[in-house]
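To start, the structure under review is shown below, and the notes come after it.
Chains: A, B, C and D, in written order; residue numbering restarts at 1 for each.
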Amino acid sequence: MFERAVFPILPTPFRGDESVDLESYARMVDRMVGLDVSGITILGVLGEANRLTDRERTLIIECALEAAGRLPVVVGTSHSGTQAAIELSKTAEDLGAAAIMVTPHQEAVPSEAKVLAHFEAIAGACDLPIVFQDHPGSTGVHLSIELVLRIVDELETVACIKQEAVPSPPRVAALVERMDRRVPILTGLGALYGGFELLAGADGFMTGFAFPEVLQAMVAADADLAWSIYCTYLPLMVFENQPGVAIRKEIFRRRGMIEHATVRRPAPSIAPFANAQLDQVLDRVLGAADLRERLEIN
Amino acid sequence: MFERAVFPILPTPFRGDESVDLESYARMVDRMVGLDVSGITILGVLGEANRLTDRERTLIIECALEAAGRLPVVVGTSHSGTQAAIELSKTAEDLGAAAIMVTPHQEAVPSEAKVLAHFEAIAGACDLPIVFQDHPGSTGVHLSIELVLRIVDELETVACIKQEAVPSPPRVAALVERMDRRVPILTGLGALYGGFELLAGADGFMTGFAFPEVLQAMVAADADLAWSIYCTYLPLMVFENQPGVAIRKEIFRRRGMIEHATVRRPAPSIAPFANAQLDQVLDRVLGAADLRERLEIN
Amino acid sequence: MFERAVFPILPTPFRGDESVDLESYARMVDRMVGLDVSGITILGVLGEANRLTDRERTLIIECALEAAGRLPVVVGTSHSGTQAAIELSKTAEDLGAAAIMVTPHQEAVPSEAKVLAHFEAIAGACDLPIVFQDHPGSTGVHLSIELVLRIVDELETVACIKQEAVPSPPRVAALVERMDRRVPILTGLGALYGGFELLAGADGFMTGFAFPEVLQAMVAADADLAWSIYCTYLPLMVFENQPGVAIRKEIFRRRGMIEHATVRRPAPSIAPFANAQLDQVLDRVLGAADLRERLEIN
Amino acid sequence: MFERAVFPILPTPFRGDESVDLESYARMVDRMVGLDVSGITILGVLGEANRLTDRERTLIIECALEAAGRLPVVVGTSHSGTQAAIELSKTAEDLGAAAIMVTPHQEAVPSEAKVLAHFEAIAGACDLPIVFQDHPGSTGVHLSIELVLRIVDELETVACIKQEAVPSPPRVAALVERMDRRVPILTGLGALYGGFELLAGADGFMTGFAFPEVLQAMVAADADLAWSIYCTYLPLMVFENQPGVAIRKEIFRRRGMIEHATVRRPAPSIAPFANAQLDQVLDRVLGAADLRERLEIN
């Protein structure tokens, strides 16, 4: 499922009053099906999972699965408690998810043994393939590469590493070289280092960059073409990669995938200045292209 | 409700398999009623609220309210998203809670304006009295005293400050002196600085120290007696105050309030060494007292 | 001094045994003079200032000043103690520096009043112009824009803002709009967001990107040309911007400016994998250009 | 040197203008000689080492060594750079220190291998005995117990562990049980957990509690008496243990050891409220005892 794959991470659309907009959700997923992505990932950081109630989570999973049809849906089920992470994972399994995505939990005193135990417990209770997300930028948890290797080795349902520890290219290369059981490595961080990660041996992307067709083209291309595509879209990746999810949601809105770009408080929705700069960068990078259509990459 | 008050913060009892033990919960609340405390606070840090699903939260609130009868129940409803904090608060209100306890949310970039907006939104959507919990040790959010004063001033449903920013005694004194609208200040931190906080003008306690009768006696006493009680039990407070909730849960178990001292993973349950030291400190501080009964304080 | 300026931030060259290599230092400064930069900044984060003794600092300042001749030299004098920051600043002043660069200190409990007092004390004791460096990524200190404005307003020797709080473009725009006394805003972060920062009104750069001639060309160009230059070199900026100073030091070495790319422990020198990727990115972005010469930008 | 030892950690006295007060320093050390402590430790956190210039450090070391005579002086030489830590350690060695005290450095990405390498480099360059300080509260570095054991095992000049990772009593017990080469374990944290640490097998104290004679009495006593002394002075330990060094410096001043209680900015000197509470706690705990004399412990 994850070989040479592009799994866009989807935002959670809200209406102006911050209520979940399932209609937009279904439309956005439908558009992803049309882009022929490898699958979709929902309820990650970009999905504002940490600002949702459990009831909303369930509605969103159901909506996404129905709209996705046969397209694999990966569901983020990270939680600060092991038992609750298991519950969320089982719910995802019961509803029909294709896989779960899980980060290490943060504890006051870091402990690699406890990170391993957390994943063991989840893998022992839920049969779904696990995307192991290593993203210290959001979790605050720094893992040794030895621990990542051990988790892949000991837990056979770990089916993919989402590698987002920086510097990411050498880490991708080290994982590729040292993994006994080779699982696909997808990278994230909005594809900011995507050109270098592919050169280092990454298999593809699982990230929130709002133009997955660009990432698909990079994955399908040879090294020279992939580099050229990367360079073309890099200014957009850099711009999108500013902190927060507001810019990405606004691009999803401009692409006609969601109705509102509302971000849930306490995080801010896009400010007028960033919106104006977005006009500029889209104009300079994409020219007259219709955002609502699949971009022509060449 | 919060004047000269002692509100114990309750742990969430789990069975050996980490499932919620509502039978123990009801018994524990019943024992609190018997201790004649001012009220109870549930689903705080000691309650491992961050390791529960929303469904479990609701079951726990219902159980606590039923067992508490006319005793006021304060429900922790902190959440990283404003909208979800509102949802949790409304659920607490619908179920019959007497008040909610809320901390500031943590954002990547601290902003006092956003902390204020968060509380404004909650106060605007839920009519319950609010216990404003200022506990940088668990939230990572450091507030200026000016902001705390402003929140009390602008939000009239803020009914109590749970003051746990250190050093706490001078902060209590400054709040007492500078509040325009005077609301009760309860302190926490396991009563570690309790003797000094009372001298500084604190009204009472809202904390997880497993012997609320000690805190009640301190609040009822004159300055000299309160100091004497504080000194007597301070070694126990210091011991309990070690990181984690394991020691407190074990004391609740020994007091016959809950069946198991299980802590949910990834946090550890009490280790044999700490258990053995607990034997010693209980023996040295409480002597032959029957833990299952109300302590005689004098 | 700081209008439409480019001030490269210089690394501190070490020999293989980690001793300070003053010969390389002088050569590097001389090369900067030849590039006709506006000035140089020494003893910043890239300069590994936090891994030097005071004696080494003094030797480096003397060496840089002598090699710089009439070129202005800005000296980083940040310190966790106010008094020591004053001492370092006075030493820089006595030795002939043109300005000092200072960050807020980090305290256990953040306090904007204390940040202001820190800068007041330094400005009161040292007559040099101050570059106020706002870089939460390295300091852990997040400042409200109101505080930055107040510092500029109240301290007349603050002569420049080095704006490195993200997202940086909107912050640059807000500063430009709201400053009463207008001081130049230079940006950093390896020029990662440089194209957007210039569009937002930034005056130039004070950063460690190893090709200052690229930044000079951007500052001198009109908006369209600046954007085009930015896009051309962005892959290199992204690559250099990976954590640590190892890649930059290696580029300085390849440019013939310093003898060794050694980084002081505990930080790592460049690893073989990153070195190999650096070959690739230099080749793809710069082609056959001679790194030892000034790049031709067009 | 460290068996059953009490090494007070000394503050650095400043005059009202924040200049180093060496006269007070010498008097304070002389008083420590009179208290017959096992040795003294200078330039730790309480010594505000992070707010001193290197020149001041040297003056302080010379002053302390001269005043200490034959009393062993341990010098804190922690630094964010390995090379600079070596320089500081060699300076301490050259001046005649008895040992050095070193913490792990903090890096953006924690790495146990790098912590080990840091200590190896220092041990390889300086022949003095090393006090390995494990204090995550000030360093932000959390070490596995396995790493601490390995450092003791591999570096034979490590002569003492200053154990300040919480919860400290079980950690002391685990170290005692698992060390192959047994080195003394001294604890700190102002002796807050001192009663429990001694029961767990700690050898003594290296900490800033302003009444070292209390700690000496605890170390010399049997378990029952040590516990009784601990309980008597615990309210004072708790009070002193509030964040910052201001309270301790004020007690040193009241004891006639130093002239001023000035703390270097940006940290605050003692505030009037804390000073008034200090009056109260000293009165309640020590009664009419003359602070300027050695306390009678019984």
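Just so we're on the same page, a contact is a pair of C-beta atoms (placed from the backbone, for glycine too) under 8 Å apart; a residue touches a chain by one contact, two chains touch by 3 or more.
Keep in mind the model is a prediction, meaning the values are calculated, not measured.
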item	value
Chain pair showing more contacts of the two, B-C and A-B	A-B
Inter-chain centre distance, chain B versus chain D - centres from mean C-alpha coordinates, in Å	33
Whole-Å gap between the CA centroids of chain B and chain C	47
Centroid distance [mean C-alpha coordinates] between chain B and chain A, Å	37
Residue numbers of chain D (touch at least two other chains)	109, 243
Arrangement of touching chains [line / ring / star / complete / other]	complete
In the complex with chain B, residue positions of chain A that touch it	18, 48, 50-55, 79-84, 87-88, 105, 107-109, 114-115, 117-118, 121, 243, 264-267
Sites on chain B touched by chain C in the complex	109-112, 136, 142, 144, 165
Chain A to chain C touching residues, read off their complex	166-167, 169-170, 173-174, 192-193, 195-196, 199-200, 227, 230-231, 234-235, 238-239, 242-244, 271, 273-274, 277, 280-281, 284
